[in-house]
């Protein structure tokens, strides 16, 4: 091994997969927040890396303690706002910390059935999809927020096709289709055009819009549906500047039953786990 | 390696993880079934094992084709009934097959929002929990059916404790608790006292009962809640002879914030992924 | 809900997914054991279930503490022997405990490169497959032991086929094959004909035998290879009474390249994740 | 929903999780390549997204066919070179494609025991870690290559500590340690200073170096070990410009046995699955 001159490039450290659960008990009708948290700090960490000098370094165990303590002192509103509280703290508390990011996966809980329509006061069932958040800062005072959706598995049994694509290619064997199942597991994230807002309300509005737009048109491709989802979310959420989707095409393949003397009028499908078409795009506001 | 005399013991073979999706398109209001299937056959398979003689053996690829074809020809009702149809077929079709079992994991889909209250005609979102089924036969004519629930994650934020247990043991360090979070991921299965019934209706009734009973009492232990769940399901479902639960205690540990000068009146918890207490029991009808 | 008479059926409780790591530091050449443990106790637990009476019940937290403490006091030899130590303890320590079982998944570690051939004294890399163990008792004094292998993924690129099976069936479409890839992820477990033995040595011998036998013959079916694996393990391990295999057929499907004017002489394959053929059997000693 | 003006931002589409297995059968001593492939194309896809116009679009099914066909015609050398072949093809074949990326996860197979030292001719067992590759292009002619390692789980039982960090913080409770277990699952990736090279040889050299450097020093922090790993890889691999590590601190927590009257001289540990410290950094050549 030759001795070489090296230096520390872009880097961060912190605590990941902290599982925080908060119960709001101010009234007998409890509320809960259930988040998986990663906090990563950036700053002047050359001495630790190059020389093994840990002076003024926040231990990741301290980071964990702090997350739970600040969840008690703060975390009164959205996960997004809690992310800002955490990062502001670490930039102030860590002599070597200048910025960082916090990432959250929030598990949502719906109330179990109770006596009235409103559901149970302290009983809950976990549901899908998940709410995701990422907050970033360079100075502990101004923040870039991204929110999103994870694991929303939607499907429509008709009103979807795939045709008109490049056919003269040597390797094209797929026939055109004008009626197929379209299924996808939606991962979405969005950036904000405003410094702050009612993040939970935006999430609910975006989520409802995605569920509605998914079925409101004949889909000539997953790309086009992606575009319409983005257009609709931006239309219904003026707080947002752009929205991104990651849409795997969960192929439901019509099983060939004609071999056995049976019709298959889009009734019997094999769900192919892989491979799958995968579409990713940002949809942005145009001037 | 010494030459030894051996023989084939208990055995089965078949196809696993067949992903079958069926759309019922008889009206514009589509319905769907989404099941992961395993079919395992038992019978006279000594020649194949000992001598490599495949005569009269059903290929597992044939098993797969058959599952899709019979889903088209039959599968008009419940997954449980489809299991009977499949096993009856394989006992008849396979010269060496005398019995076997079929296992299903059904993914449930709820309708996306539509124009009225009833939801969308052909748009769906996948939901939890899952419906499980196992059907067994020794002759292809009579069947033992087990149905159940998988991945029902429920939690209550109060009305649960753990006290009065063995304290004088050298290794006991846990303090008693009279107010804690109780959380578990319910796996349940039940056997039937009747030869056939409306399996889907029973599942819905059992599921609703579990959701209700989970919160209707102060829980002195997960064991006691398990027992009450079983008692309630048998009470509401006369079709059943016994019911089994597998209940991991998803520990939500009160985080020690007193170290930091903060109260923690059951507000801030660490969700410990492992280890976990695990309770399993059958609850049966008594004479 | 009708009031019904119920009773507690077969049941157990304990602690699962306890991750225990032991370092043997008696010499500078450290050794390690890395096991995931489940302990389940059986006994007289009616009062806890039916009445919520926890008197004389071992807390699962106590079970966890005990596993770590006994790992310090004992666990000098094999995982199998440690399972016996644990169960003997719990039957003695729990006034209501009469028996139970302990299950282990052992992760194996190989030494990192060191100065000599023998590898590093205290540096290790985790490897596959895993070693599994289950010990059961009804009295805390006599034990049934099962050991096994998990996640051994083996493959051969030739010397395997599938032919001579039932062809006149309506649903058979698969052509015969005389040269294919055979791939499987071996799960094996075995029972002992002796009360005790050098469990680690038997495991190493069985493992080596499986690796050797997998390639020593033309395989007309996964069933036949299963049988030969069982016969070989029983031949090389007189300590065993019978051995069980669970062999998924990890289908490597020859990709149809002839459509594109290309030969495919068993060179290019699609690895199909599911469905898969699945074979399970016990191979036993014959008189 | 307000009508808004939107446009397509950064985007790509293609096929993911294609499982390709190639057998090199030119001699009786077969060799194998087992890769999971994602190909994503970038280009002029506005019409498809905004208007549902699929003209001149490569179907993702065509992408899949092409991957298998080109694996037959090419893929004579490294995975990295195959990535270049694939991207060059798609830029040429797709009228709307201008660039893209290909990502690979390669599963490595070692030969099963054979007659000599060299291992079996056509029998293999799958092993860890995995080899990862990403190739990117903007023009189909010049490429940026990144290679790496995934799932290398290493551990040392001594010669590691954590001390000298910030102690006066309100939330610091962790005591200093001068002898602990250090364990991590290495994810690494590196960029090249050269246009092409023997990618497999570099991977083997980097891998061996990481295994050696991990144990060759007392580690005052995972950050410092990360830095030394990077320095060593750059020292032994002049082909590389920089290297990145993602190192979770797999905490092995000394179990408190003093409560039970037992010593625990770093012998008995609980392996805590989460949360975990997480370190990420690029180590780069300095002038």
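All chains are identified by letter, namely A, B, C and D, in their written order; residue positions are counted from 1 within each chain.
Rule of thumb we're sticking to: a residue touches a chain if its C-beta (ideal position, glycine included) is under 8 Å from a C-beta of that chain, and two chains touch if they have at least 3 such contacts.
As the structure is a prediction and not an experimental result, all values here were calculated from the model.
**Q** Compute the shortest path length in steps from chain B to chain D over the network of touching chains.
**A** Shortest path length, in steps: 1.
**Q** Determine the set of chains touching chain C that also touch chain D.
**A** A, B
**Q** Looking at CA centres, what chain is most distant from chain A?
**A** C
**Q** Since chain A and chain D are copies that touch, is their contact same (over half of the numbers shared) or different (under half)?
**A** same
**Q** Decide which interface, A-B or B-C, involves more C-beta pairs in contact, and give its chain pair.
**A** Higher C-beta contact count between the two pairs: B-C.
**Q** Rounded to a whole Å, what is the gap between the Cα centroids of chain A and chain C?
**A** 37
**Q** Approximately how many whole Å separate the CA-defined centres of chain B and chain C?
**A** Chain centroid spacing, chain B to chain C, equals 23 Å.
**Q** I'd like to verify one number: the distance from the centre of chain A to the centre of chain B, where each centre is the average of its C-alpha atoms, in whole angstrom.
**A** Taking the average C-alpha coordinate of chain A and of chain B, the gap between them is 29 Å.
**Q** For chain D, which residues are shared contacts with two or more other chains?
**A** Chain D, residues with two or more chain partners: 19, 65, 69, 170-171, 173, 259-260, 273-274.
**Q** Spell out the part of chain D that touches chain C in their complex, as residue ranges.
**A** Per the stated touch rule, the residues are 19-25, 30, 32, 34, 65, 68-69, 71-73, 109, 112-114, 120, 122-128, 152-159, 181, 208, 211-212, 214-215, 252, 255, 257, 259-260, 262-273.
**Q** Touching residues of chain B toward chain C in the complex: what are they?
**A** My answer: residues 1-19, 38, 40, 45, 48-62, 64-66, 69, 93-95, 162-166, 169-174, 209, 219-221, 223-224, 226-227, 230-232, 234-236, 238, 242, 244, 248-249, 274-287.
**Q** Which bits of chain D are touching chain B when the two form their complex?
**A** 170-171, 173, 259-260, 273-274
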